[in-house]
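Look at the two complexes coming up: chain A is in both, with chain B in one and chain C in the other.
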Partner chain A sequence: MNIASARQAVSGASIRISRLEKRFGAVSAVDGVDIDIAAGEFIALLGPSGSGKTTILMSVAGFEFPTSGSIHVDSEDLTYVPSNKRNLGMVFQNYTLFPHMSILDNVAFPLKMRGLEKAERHARAEAALETVRLGGYGKRRPNELSGGQQQRVALARAIVYRPRVLLMDEPLSALDKNLREDMQLEIKRLHAELGITVIFVTHDQSEALTMADRIAVLKDGRIQQIGPARELYERPANLFTAGFIGEMNFVDVTVERATDAVAVRLPWGETWSLPASAVVEPVRAGESAVLAVRPERLQFGAGTAPVVKVTLSDIVYAGSALLLIGRLADGTEMRARIAGASDVGHLAPGDIASFSVPMEALLLYRGRD
Partner chain B sequence: MKPVRSDFWHSDGHRLSGLSTLFLLAPFFAVIAFVFIYPIVQLLVISVTEPHPTLDNYARVVGNPVYARVLARTLWTATLVTALSVILGFPVAYYMSRARGAVAALVAVCVILPLWSSVLVRTAAWSILFQRNGLINSALMGLGLTSQPFKLLYTQSAVVIAMTHVLLPFMILPIYGALRSIPNDYTRAAAVLGATRWRTFIEVILPLSLPGVVSGSLLVFLTALGFFITPALLGSPQEMMVSTLVSQQIREVLDWPFAAALVGVLTLFVTLLAVIFSKTLRFDRLMGAAS
Partner chain C sequence: MKPPADKGSLALGACVYAVLAFIIVPLVIVIPMSFGQNDYLAFPPSGFTLKWYAEYFDSRQWRAATWLSLQVAFLTAICASVIGTAATYAMVRGRSRLVTLFQVLLIGPIIVPHIAIAVGLYLFFQTIGLSGTIPGFVLAHTVLTLPFVVFTMAAALGKVDANLEAAAMSCGATRFAAFRYVTLPLILPSLASGALFAFIISFDEPVVSFFLSGVRQKTLPRRMFEDIEQNLTPIIPAIATLLIVLSIAILLGAHALRSRSKTP
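Take a look at the complex of A and B:
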């Protein structure tokens, strides 16, 4: 069988995770998670450590059985099926190539477990090594390969039996930065070629944003938000996601009016009327709320839009961007990111700078309690 | 990894200077040279120089069928004890490596505790069990399995059983160490790739634990070759092992040169075995990528 037809034979499976719960004693690692993953979708589980993202992956892989809830792959209930009967591909953080086997035997291992003849499994393992551009490396031992090569072998081993789902547990976190970017492209390419469904666990948000079709942001075992990168970045659903994804300025405000158009009073006494699009979470008059805006949405200098005045503390030139860090009158830190070529030569720490705030860039959340 | 920096470790950060290495190792080598190398060399010298420069002593060891049989019996006993230790020890080591908490502690104590009592005590305990009207024979007769007590004490079987018991921890601990060093993710990887628990064990766990099995076997086999107390107390005088024969030659027959030649043959054998193992089994290669 040639490689091209092998690739066409593979397509992803859909996955439905319903009301998944996992408790370890009194601790809830996963607390009622629902995720519907379409066939062929690339989904990232993103969250700080202890957010439950790894436990979800372990439950899909069959290394952990959930306390309650279910996991369906293509409408087949796999919740309590042992790992070796699930037919899923998996890549681990530490490569987990078997050190006593050659590269070829490592890649052929899952085929051996499926009872294939030696000649066929070696041919298919060699083909899989070609797909990760490591053809001819079969005779070597894992310890003779670099970390990046080892992870590509692990990738080949995970796809050689054409699973319909590929699970990846922080597969790039042991690699250095350049290799990591290479591998991101490699994984994206394989995903496109094979049409396989991918669940990718990471704590690196830029990795999640660049690679995944959709990202599930997790905290304390619950999903905070699930959506495509653009939606997560442009309209985070709550304060946690707003602060976790990218950089964000937060200003504590008081809600003056919540009927018709929402109006808020800023720390320095001004009142701003917000467009309806700014209100992410419903607020009530008299309550405290938080106004959020991305640093790159602030425009240097006073314009037609409302203006904030900031006492500068740092001016950081970073080539493509210029980062201005300062404080509002009440001490709240504000960051603005403007084009690196902007002419701000006269500005020095201690100066007061004005930024205009485009109304459509503002987001309003319920106050922190 | 960042190099450790301190005055003691000197300026290049990883390596001791030649002089301090020597200084730190000197007491150890002094003791080894004095209590081990010197007497062995003396003994080997005696074996070829007395009564006059000759290889006759060695010719007697190899040539006389009685002594050749003693050597063969010793090798066979050591092989048997090693094999039994692997068979009995591996499951215990495997269980230890998987157990958690109180159970793990209990098993570890059961394995290590006997090491804290003297070999003599453990051997004496077996001689009580093996007596004509000892626990084993009374149990067998009580159950009606036999009407006559078996002759257990002063047999080669008694020696093998007791030596296996005494040496078992030296098999269990290296295997346990090898099993513990296998990352848990290998088991998970094998499972997700389609291996049943049994296949995972055969294809992954067992091969990766082999260095532990080999070092345990070497420890047990080499110790068993020169074992003295247990064969002396539980064995039959008609079925001597090399160590008891050496002791007899030195203390009763007073034939030091011949005893020395026996020791020479044993030493040669042990050295050969150690060299063969360390050359043929490349542990570094076997375990290279596990780090």
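Take a look at the complex of A and C:
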């Protein structure tokens, strides 16, 4: 048995989560979630704690049974199938290696449960350990390995029986930053090598953005937006996603005109006409709305585009970027991120700086209630 | 330079040594008495003989009582550790709202006076014909020893990550296989130590045995009380000495098991 043949044998399964609901008493942990995951796709469930992302994963894993809705893997209905019959790989947050078993026995455990002969399961476990670059570690005990190594063993154990889906519940949150970045690449590499479908739960947006093909942003048990990283970042579908993913400036405005070109009145009295592309959510004249713009889209200095004047309070030099923090005339906080090499030596806190706002960078949402 | 000893710590030291003395002195008295040549209990004993030990081992009555007690203690240890572990597992891992009620019921036998349990069981067992039988003794002693197993297992299970079983099940293990291959090996040292406690408690349990013992089926403690009432020869300190040695051996065994469980 070698790794090359193992690779060929494995390919991902498609997953369909339909109208999934999970209530704990009066609380809805998951409230009508639909996700279609293509075979071999890497999808991240991203959200703050209590958003329902872990409950969705546990429902797919079979540790929670939904109140209603269904889960299909390759058109097989798994909604109420017990976890041990699902043949899905799972990696938990805290490694969950069996402390009384050697590394090799840990990795071979799923094969033992499937009734394989000892010689074969050890050979395949060793191959899986090599896949996660831990060949030769089989004789050690879990407590003799570092956190990162333990999580790689857990990964090997999850893929050793070649499941077609790999579920990961915040697998990197217990690791320190450098190790986390190594493991992100490791998991990406494995995903590419094995062609396995991955559902990855995280509360770390940069992790989700860098790793996943698509990201589902969750809040209060509902999907706020689902899409590839670029779409989520450049065109957040609502105010929550806009504020949750990356940094965003928000300015409260009033809608002057909603037909033809939308026009909004800014707090200091100016009226801007927005391009149609800026309107993310439909608005009506007279209503309040929120104008959003990423800090790195603001351009230092007055130009042809509309200009905002910001009274600076902090100037933070961070190598590659320079962060300028200040307030608009009405007190709204504004952040601008410009190239670190920009010549702004004359600026000091208290100064008023002008920034041009490119029209195509603006996003308009319905007002906050 | 040593710091001056203050009166408080001196008093504390005195108390500690007094407590230790009260624990150890009875042992120091009983052991020499078992070797005394007098036909009655005397301290300090005169002479040295092993005849009381010989008498104990030669007597069919004593041997029968010891054998009964060993059987009862062995079966009690098994019943209490199996039931206690299962019950504790349900208590620690269960989501039922009845958990608190179960907890109180399981620990109850420690709080309820043994005499109350004994009288109750006596009347009940008389009616259903379990009095003076091995199953009767085992049932009664299982009730008495359960709390000790439950305490030991609650501590042990609390230390085992519940996610380990979830991980095992995600590897394809059934619920039972997850327990059998993951949780059980991890709690086994504590389980064995709980079983040893159950054994030793059952082995020298006098109160319930007093009520449940029949004319022929007498446990060792029951037989000893009978001998104390009728003869009071140094055979009692001889048996007591043997029990002390057995208890110490079991406690050392339990300790070794528990310290092994701390270093996986």
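Going forward, the second predicted complex is superposed on the first by the 369 of 369 C-alpha atoms of A that agree within 3 Å, B and C clash if a C-alpha of one lies under 4 Å from a C-alpha of the other, contacts with A are read in each partner's own complex, and residues count from 1 in each chain.
Note that contacts are C-beta pairs under 8 Å (C-beta built on N, C-alpha and C of every residue); 3 or more make two chains touch, one makes a residue touch a chain.
Note that this is a predicted model, so its numbers are computed, not measured.
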item	value
Fit or clash - chain C, chain B, common chain A	clash
Touched partner set for A:143, first chain B, second chain C, both or neither	both
Contacts of A:157 with chain B and chain C, given as first, second, both or neither	both
Partner chain in contact with A:84 - chain B first, chain C second, else both or neither	both
Contact residues of chain A, present in both the chain B and the chain C interface	61-63, 82-84, 86-90, 92, 94, 96, 98-100, 109-110, 112-114, 141, 143, 157-158, 161, 167
Chain A residues within the chain B interface of the complex	61-63, 82-84, 86-90, 92, 94, 96-100, 109-110, 112-114, 141-143, 150, 157-158, 161, 167
Footprint of chain A on chain B - complex, ascending	183, 185-186, 188-196, 199, 203-204, 207-208, 285-291
Chain C to chain A touching residues, read off their complex	161, 163-164, 166-175, 177-178, 181-182, 185-186, 264
Of all residues in chain A, those that touch chain C in their complex	61-63, 82-90, 92, 94, 96, 98-100, 109-110, 112-114, 141, 143, 154, 157-158, 161, 167
